[in-house]
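First chain written, first letter: the chains are A, B, C, D, E and F, and each begins at residue 1.
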Amino acid sequence: MQTHTAKRIEIVIEKPLEGRLTDALTKAGVTGYTVVPVRGGSGRSGPWTREGQVGRAGMVMVICLIKPERLDALLEAAFAVVERHIGIVSISDALVLRADRF
Amino acid sequence: MSEILALAGANLGSPIILSFALGLAAALARSDLSIPEAVAKGMSIYLLFAIGFKGGASVAAHGLDATLLMAVGAGIILSFGLPLLAFAMLRIMTGFSRLDAAAVAAHYGSISIVTFVAATSVLEGKAIDAEGYMVAVAAAMEAPAILSALWLVARDGTGRAMEPGLMREILLNGSIVLLVGSFVIGMVTGEKGLAEISSFIVSPFKGVLCLFLLDMGLVAGRGLRQSKNVLGLGAVAFGILMPLAGASIGLAMGVIIGLSTGGVVLLMVLAASASYIAVPAAMRVALPEANPAIYLTLSLGVTFPFNLTLGIPLYVALATLTVGG
Amino acid sequence: MSEILALAGANLGSPIILSFALGLAAALARSDLSIPEAVAKGMSIYLLFAIGFKGGASVAAHGLDATLLMAVGAGIILSFGLPLLAFAMLRIMTGFSRLDAAAVAAHYGSISIVTFVAATSVLEGKAIDAEGYMVAVAAAMEAPAILSALWLVARDGTGRAMEPGLMREILLNGSIVLLVGSFVIGMVTGEKGLAEISSFIVSPFKGVLCLFLLDMGLVAGRGLRQSKNVLGLGAVAFGILMPLAGASIGLAMGVIIGLSTGGVVLLMVLAASASYIAVPAAMRVALPEANPAIYLTLSLGVTFPFNLTLGIPLYVALATLTVGG
Amino acid sequence: MSEILALAGANLGSPIILSFALGLAAALARSDLSIPEAVAKGMSIYLLFAIGFKGGASVAAHGLDATLLMAVGAGIILSFGLPLLAFAMLRIMTGFSRLDAAAVAAHYGSISIVTFVAATSVLEGKAIDAEGYMVAVAAAMEAPAILSALWLVARDGTGRAMEPGLMREILLNGSIVLLVGSFVIGMVTGEKGLAEISSFIVSPFKGVLCLFLLDMGLVAGRGLRQSKNVLGLGAVAFGILMPLAGASIGLAMGVIIGLSTGGVVLLMVLAASASYIAVPAAMRVALPEANPAIYLTLSLGVTFPFNLTLGIPLYVALATLTVGG
Amino acid sequence: MQTHTAKRIEIVIEKPLEGRLTDALTKAGVTGYTVVPVRGGSGRSGPWTREGQVGRAGMVMVICLIKPERLDALLEAAFAVVERHIGIVSISDALVLRADRF
Amino acid sequence: MQTHTAKRIEIVIEKPLEGRLTDALTKAGVTGYTVVPVRGGSGRSGPWTREGQVGRAGMVMVICLIKPERLDALLEAAFAVVERHIGIVSISDALVLRADRF
């Protein structure tokens, strides 16, 4: 089956920033992303869980499949939003079916 | 004094407070008891809708008082002004950075609608009437404090330009819209509308409040456990002195503009309470470098329980002494 | 005429409609107000259970009318037939492809249970009785329209063989099963069963409906914002003319089979309303190439608000004029 | 005998049982009807809070019986002892491994709070009073059975050292904490507290129970479908004989310690019912090699429906015959 | 620690199709998969979010770890279901503990 | 944009074990993880879904980005918890922005 190389970017970010991040991604030419809920986690800012949470803001995970040549533009855009906030950005290699989709 | 103690005692023995205490105890004992996020949010929507609607229906019944505008104005002034007082107190009493102090200050200028709801329910229990439009005052006080805090930060250059879109987000945040919207619906449909849905928004109200406070107790307790060492003695003292200071100013303003005893109590409660939903979300966007553990622990772990247990009966007693009841 | 306007005015001022308007306004203003998906689904389960149970209990109380079978039969005929009319109108009034037109047509043959529930509540407010078994008619009308639409598509070869399993999925979809099941429970347990749980399914019903319509307003508003340019003028006109056409046919059939005034109103509402839960899900499986933005925007963004605000009072007035009240 | 059948018949025709049957039928017919996890959990929290609160308020009203301690003691003995009986029966009647048999045994020593709630509601329908503190007995019976099962496994070396932290988790599990906590709140606030929130925890109780049992039916039905061939005839027979054996022992102990008729019924129900929330979670941690399909299918798919439909009326009849009513 | 090479397939698809996809995967010899909820996303068919959603169908993410030699069979099966629908399929390399599990 | 090589570990495990797993990870020196809810799935122990679920325990997915040199310690720790339980562990290569975050 015909596949196309792609980059898979996974960004965990605070929920109040979700709209700003997806706007920035769209501006950077990203044509698709998927947002997955997050139940809890831990990092430099300590552990938290969705149900025992103060402030109830929480985090979300944004997953983005893009053409490799768009990676830098995306990372710039994502970083500008994530920079001052808690969260993490990771990149891995992937193949995608149906090139018209991304 | 003994009367205040009796009031506080009666308050402490109410199902509402005991439910909060149960949640707190369960969380501190590390029980896995938890209320699903969706259900907790559903309950908060119910409470906002009910309190707004009832306020509007009461305005429809009693007519619009000349004091409405003054009360809303007083609320806005309090919300703008209290953060300055809080900031000053924090700089003296704690070692927080200017950024953290400003973020905390924003919370204390804004309000906790659940504390407001609990006070309403205490007033009802004592058959003390209050102006229905106090929910409009509550809505008006949610946002201005955030601007004060941003100004405090901008003043010394540690802040940045206000995030685009933030202002709209703050003013149209869900709880403000729901509170104002249901207030208007209540005002339009009046006593007739209230009668139609009172077995939904009046009768079960107190019971829902119990379960909601159970959840608040769980959340506050988990917050306290996770951030035990975040607050020093000075910060805890601030968390108790600030509501007292706020309530006193609220008392004075309420008396000046001529609110009823119940109205004065509610204005005191609004001034004394600290936000833990709208403002934290705004701070994560506007002042992300401020430490959320500090402002959430103070607001939810110290001031909220204080107001709920000791504060409200105290404010009722003070208002009754001053205005008469 | 002036009576119809008065009716519409009274309807527009009800807490139910105002809650919907609040949701719509909040979404259009881009407020972040939202009701958790789980809570909205919980409310819809409550509404289906309550409306089914009450219908069944009412049948148990009044005995089975000879018209029951005729009413169900009329419903099935309407559900099969209305898509053909809708399809013809769409091909004339809009530039939609045959596939999109067929998908839209399926929605208008099927029904919106929330519109039905809102109409029930308006009838109750006016003390107009209706046959309890109308909920069974509602259930019977959910599915046939889908078959008509698939036939419309298959006719010109743009469709494919029916997906295996789809028929079972449609007939056993959650809302049909819950509606029919609670109708049967209500019929078996009768007035006694209703008395046991009426403080759950009767008293708070209208209040829950308000919150549910608040959510419907939010969803409809967000849908309208996301798909602003999907519908041309012709499509919007269809979204208003089609319910009027459906209601007229429903009126005629209701009179012919001898339903009461309330029953005629409900049959008109069923014919006039368009599905926005069961049929969209079926379309995603059966006709995935049809554009969901078109059928959802029409059904939820145009026809649903029209029926809720102007349609229902109009149908009540027409039925009262025709049958007498 | 004919009286028992009449009782069972009446029980089978109640909205509660019919709702369960509807859920079961929908799941077995593979309908997609489902209640969101969060809503189901919300309803279970409501039921636990209400049942605990009402028990506490009733104790506050009637004073603490001398039998309270004896009843709690009897519950603990039953919870420790019944797993040994269950284990012996399982080894004779089924081919389950020692591990699986022990895991199942733990479930039958513990309790199903929903069965308890349903029995309470049947007793109320018959105006049979029961000791309010029976909810405390229920809470006391949740955990000991787990220890018995672990001991059964440890005895022959197939087990391991008890997981650290497991004991605390079991004792502080959400349902125990909520049940005991709301019992204490009910006791402290008494009839006055109950009056304040009775339109939340008393009036809608039975209706919520219907929807909750609808969900239980869905879950049980899906479980049965997924694990059809897990249980042989011997296992199914165990799932019906074990509650009968447990109820008989509960009857004897209830009579010996002098409970009222209602109290005896509830002790029988506690002894007869099997856990399907707390114990399964503990088993996944403590005995992960035991097959969850076995213990869940038995507890939820066989014993729960048996108790709900035939068991409860039978226990009521037996208790009435023995103690008098 | 002993690991085994595997392929990780991630499929975002409309919820009404979930059962059909997992049935197809099972028929193609897939022995395990995990379904993760999706809060929202964006693609050729526009942006959507779970809470502000018309029709309330939404999407889900199905994650599948398989032996590399089974990849083609899986992709055929997945593609047959996804083909006419909105959604996206991506593949990446992975290692798995416990070979008996997949 | 400066990136750092990392390993991405994805563990699907029963919910009652979540706390034990994250405690074990923390003890093994993991500084961050994200927990994602799981709606359902299938494996050797059969299919299940969150909403039609007996016992209502369910599963969760724990995602962990770590420095490559920490992989073995993490796998040992994870395996000790997962070993006797149902669930699956997979590893893939990734790049991470902001080295201070992991």
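Quick note on the criterion: contacts are C-beta pairs under 8 Å (C-beta built on N, C-alpha and C of every residue); 3 or more make two chains touch, one makes a residue touch a chain.
Note that the structure is predicted; figures quoted are calculated from it, not measured.
Under the contact definition stated at the top, the chains bordering both chain B and chain F are A, D.
Common neighbours of chain B and chain E, listed by label, are A, C. Centroid distances built from C-alpha atoms place A farthest away from chain D.
When chain centres are set by their Cα atoms, the one at the greatest distance from chain F is C. Counting C-beta pairs in contact across B-D and across C-E gives the higher total for B-D.
Where the sister copies chain B and chain C meet, the same residue numbers recur on both sides for under half of the interface positions. Inter-chain centre distance (chain A to chain C, centres taken as mean C-alpha positions): 39 Å. With centres taken as mean Cα positions, chain F sits 34 Å from chain D. Across the assembly, chain A contributes residues 36-37, 47, 49, 92-93 that each touch 2 or more other chains.
Each of the following residues of chain B touches two or more other chains: 34-39, 41-42, 199, 203-204. Every pair of chains in contact is given here: A-B, A-E, A-F, B-C, B-D, C-D, C-E, D-F, E-F. Contact residues of chain E toward chain F in the complex are 1, 3, 6, 8, 22, 26, 31-37, 60, 65, 92-98, 100-102. Touching chain D in their complex are the following residues of chain C: 36-39, 41-42, 45-46, 49, 53, 168-169, 172-174, 177-178, 181-182, 184-185, 188-189, 193, 196-197, 199-201, 203-204.
Taken in their complex, chain C has these residues touching chain B: 13-15, 18-19, 22, 25-26, 29-39, 42, 125, 199, 203-208, 210-211, 214. Listing the residues of chain A that touch chain B in their complex gives 14, 16-17, 20, 45-57, 84-86. Within the complex, the chain D residues that touch chain F are 27, 34-37, 40-41, 163, 165, 218-220, 222-223, 226-227, 276-277, 280-282, 284-285, 288-289, 292-293, 296-297, 300-301.
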